[in-house]
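Here subunit A shows up in two complexes: once beside subunit B, once beside subunit C.
Our next item is the complex of A and B:
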């Protein structure tokens, strides 16, 4: 087995493309967690986003509308989550798990109502690669990074924007303060409830878009279980990235690389059982997470409902 | 007057049941996936509807039933008065073997890769000889490939799919010994994302002809073929998906489960409660005319198909291991 296999440009290009749903979902989850909201409905939201994107695009024939529908579906679910978690101060993990199950069922129901039973799977047009001028002409790097579809560039922009907003703006400072010490933030006039709801909505839109990336870039259709655990992985990536967007995106790229690598290895090595190779990305995720989470510190108020009248 | 009313009532009570006729038997089908998969489960559901319309039995079905849940679901149907329970999929064998002796008044229909010795006396077995059809797909790949690299993408390592892969190896070994077969088991029949990753890896390795052996995963392979920078030809099975990617599909090994299920249910209704029905090329499996290949390749493949139908082509069935031929 040659080492060139591990740096094969086609493998790297695939890994970058495969990282998009993870990058977008982890950026959305990170926004929520930074405000103190632990949303474990993310796997269901990704699935619902994929269903909404596919069905809207299938019905209207527009990828743009599909994206909008996916983002809206994420906002709606996140708004419900925020209402329970922020306004009604319910236990966030319980609410999140309930919404997760609801989203899975709803996405399946919507698909069945709109599409029904067919012998030919319906499909929508997938996004085609866009070669960036100049950058796309670079050897190797150009092919790996700049021969990608639009959502790859969008996800890179999202990471940059989320990073800048969180760490370079007063809004980001207030958001982080709300996630760390809502009492202190409230004392200096920050509207904790409003900011948490806004973070949930923005994060929900990104998670919905993560779902849209699956039918629009990879499959051209919707299938039950299309998220394939990517929501849960995104949840892990936030911890892996130590609650920074760049760190989470790096983790997403790494995971997508190992995921793509398993199929390369499966072709060249018959000695390793395929079941072991299929397990590889997840075993890798656990191993890396154990290492990376050492010394990582979650936002102090993560998962804790804020009660203005409660004594500190 | 009152006596007359009682008499009328008595007549109604006595005449009622015989006027309604005997209760129609009910048949339940247990499916491993969703019926809108446009593939294996959709054709199973279609077969169930065909049974209903042609034999008059009432039907019910349950989707996405994992093997671990199948016994519970089957017991619920049996408790609700269903007298025929069909398991659409080869993974339910042990459940049938367990339940059939416990419910001697019910009849079970199962699917497998062939004859199974000493099944209980109330079990019908539908043997599916996919490998014979895949042999022909392998012949098509051997004759149509230009890079001499043929891909095979499967989901779960079930005996059916192992035998089908071995049949592809045999076909390629006989019709184009210079060609190589690259295969991947992605671990899931219905995950288009994994199937696409596997297909992209194979295409990057030079494959220009892919034999698809996944269900919903097919759409992922199609997307990989569409995104490829050089032409990649595909085959699929269960349903004809050529309209999905007309420039990539060559042929489909289509299945008609309606025929065996209707025949088996008719036999059950006639009182024959066990037996074996074999699905194979020409009996439940058909081949759509090859396209996107030279006419001589299409003609040769159809000749091989006819030979397989008539059992004139020798194909070894190996279900327990992969016999690579390079």
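Our next item is the complex of A and C:
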């Protein structure tokens, strides 16, 4: 085994592809957290998005429709979450965990109702790589970055848009203000409740799309454990990226690299039992969070319900 | 308060639970009808198979055990203001330690082996809970994330052991060899197939109540959970209390894993926990973080689990339906609370 294995272009290309669900989910979670909503249902929402995408594609034969269904499922769950958290001021982690369980159950239930019991699990069409003109012709870089499927390009665009909206528009300024100091934001006429609900809906759509990327780019099938902790890891990536979309996306690439490397190592090495290699990304995630937690500062009002009549 | 007002107050607590239960049963009936079954018959079968017969009641007791221990683990954390989402991983860690102890001590007498196996389960869970506990106490790392990640690590560890070194070659699946008879938990009610684990779980509920409301540690833990900065100013070692709560929480979940091995499966299997950890969180919230109220809540969830299991066989209701029903029950309760609290 040589060091070249670690920089193999096909490995890097796989890592970029595998970063898609992490990039989209962490961008969605980040939008919500910046507005002050801590949504821990995200693992369930990724699973539900995957189920919705798979089932819509299975029933209607259209990948585009599948993505729409996934995004919609994310919006619906996030809207329910926001209503409990914002209007009813319920404890956000409790609501999030309940919705997490609901989404997991609902995903398998819908799958069972639509697909039924079969000997071999049905497959749907997966996205094919699109070679970008000019950029795709470059050596190595072209192969790694620009021989990818459409969702890779979309997630890069999402990171750019979320970054610009958050830090270069007045809407973004208001959103961040609501997450840091809702009392002050309210005083100057910002609608805290509406903005939080809107952030939840937009973030929910991205989380749902993250789910869609799993059957459409990685598996072609749906299974109960399809999310495999990616939703939870997106939660960690937001902290890792210090609540910035670019930082979270960089973390997603790093993490996806470890994930892809584990696949590669499993193919090369027979000495280590595969289960220990499979533990690797999760242990790595804990180690990364320990490092990232040092000096991390969350939005001031994260997880705290805003009550107009309560005294500060 | 007049008795009339007190009675009304009591009803205000009770009716959301009754309403949530009714909605859960209606939801189940609708699901059964959707799958082409007879809803009324199915609901009758659900009650009969979980509470209406000796064997059903025995199964409900057996399922109550891990659910109650798991929810006590969650409650202990919640009282200190931390979320233990890693009950499943800690159950597996406890099960691994218990199975290992049973294999190593197979030559000893039952009076020594069984307690050692249960203690090993406690220790295994405590070890699994100590990593998030230490990271949270020392470095302020989110226990939510660390406990969840350790779930995955534990599942892969069980997969390795059950398919590798401890595998039973005659079974061929992800199943280990059986533990020796000295390591098995006795039956409490042999005709119904109920093992003595329920007694351990009930004792644990009383123990957690005592710990929370009758000891200095419990007082400090609750203070840390209610208002950490005030507790710190009052001289409570907040970090230590929260860290220890996660260790103790892991130990309770680990005991659940040991009981599943020594009382029910008699071996370590992959899929030992069908999501007990997730249900434990719902039970903890449902019982308003009270260890004694967790007893009826866990038993209700256990009955639902056993009942839907029978519907799985009779009308093909998928196992996941139980998660939907349980989560909807909690959402309805949270909604009634929210509506009563009023708008922003």
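Convention: the second predicted complex is superposed on the first by the 304 of 312 C-alpha atoms of A that agree within 3 Å, B and C clash if a C-alpha of one lies under 4 Å from a C-alpha of the other, contacts with A are read in each partner's own complex, and residues count from 1 in each chain.
Please note the rule applied: a contact is a pair of C-beta atoms (placed from the backbone, for glycine too) under 8 Å apart; a residue touches a chain by one contact, two chains touch by 3 or more.
The structure displayed is predicted, hence computed values, not measured ones.
Three-chain overlay on subunit A, with subunit B and subunit C in a clash. In the superposed model, A:112 lies in contact with both subunit B and subunit C.
Of the two partner chains placed by the overlay, subunit B and subunit C both lie in contact with A:224. Of the two partner chains placed around the shared chain by superposition, subunit C is the only one that A:86 touches, whereas subunit B remains out of contact. By the touch criterion stated above, A:306 is placed in contact with subunit C alone, subunit B being left untouched.
Contacts of A:264 after superposition on the shared chain: subunit B is touched, whereas subunit C is not. In the superposition on chain A, A:8 makes contact with subunit B only, not with subunit C. Residue contacts after overlaying the shared chain place A:157 against neither subunit B nor subunit C. When the two structures are aligned on the shared chain, A:293 is found in touch with subunit C, with no touch to subunit B. Between subunit B and subunit C, C contacts the larger number of subunit A residues.
Judged by the touch definition given at the top, the superposed model places A:138 against neither subunit B nor subunit C.
Residue overlap on subunit A between the subunit B contacts of one complex and the subunit C contacts of the other covers 108, 112, 117, 224, 228, 275, 278. Of all the residues in subunit C, the ones that touch subunit A in their complex are 31, 34-35, 83, 85, 131, 135, 139-142, 144-146, 148-150, 152-153, 156-157, 159-160, 163-164, 275, 278-279, 281-282, 285, 316, 318-328, 330-331, 334-335, 337-339, 341, 343-344.
On subunit A, the positions that touch subunit B within their shared complex are 8, 10-11, 14, 18, 108, 111-112, 115-121, 123, 126, 128-129, 214, 218-221, 223-226, 228, 259-260, 263-264, 266-267, 270, 274-275, 278. The residues of subunit B lying in touch with subunit A in their complex are 34-39, 42-43, 45-46, 64, 157, 182-187, 190-194, 196-198, 200-202, 204-205, 216, 218-220, 222-223, 226-227, 239-241, 243-244, 324. Taken in their complex, subunit A has these residues touching subunit C: 40, 43, 80, 84, 86-90, 93-95, 97-102, 104-109, 112-113, 117, 193, 224, 228-229, 232, 235-236, 239, 273, 275-276, 278-279, 282-283, 285-286, 289-290, 293-294, 306-308.
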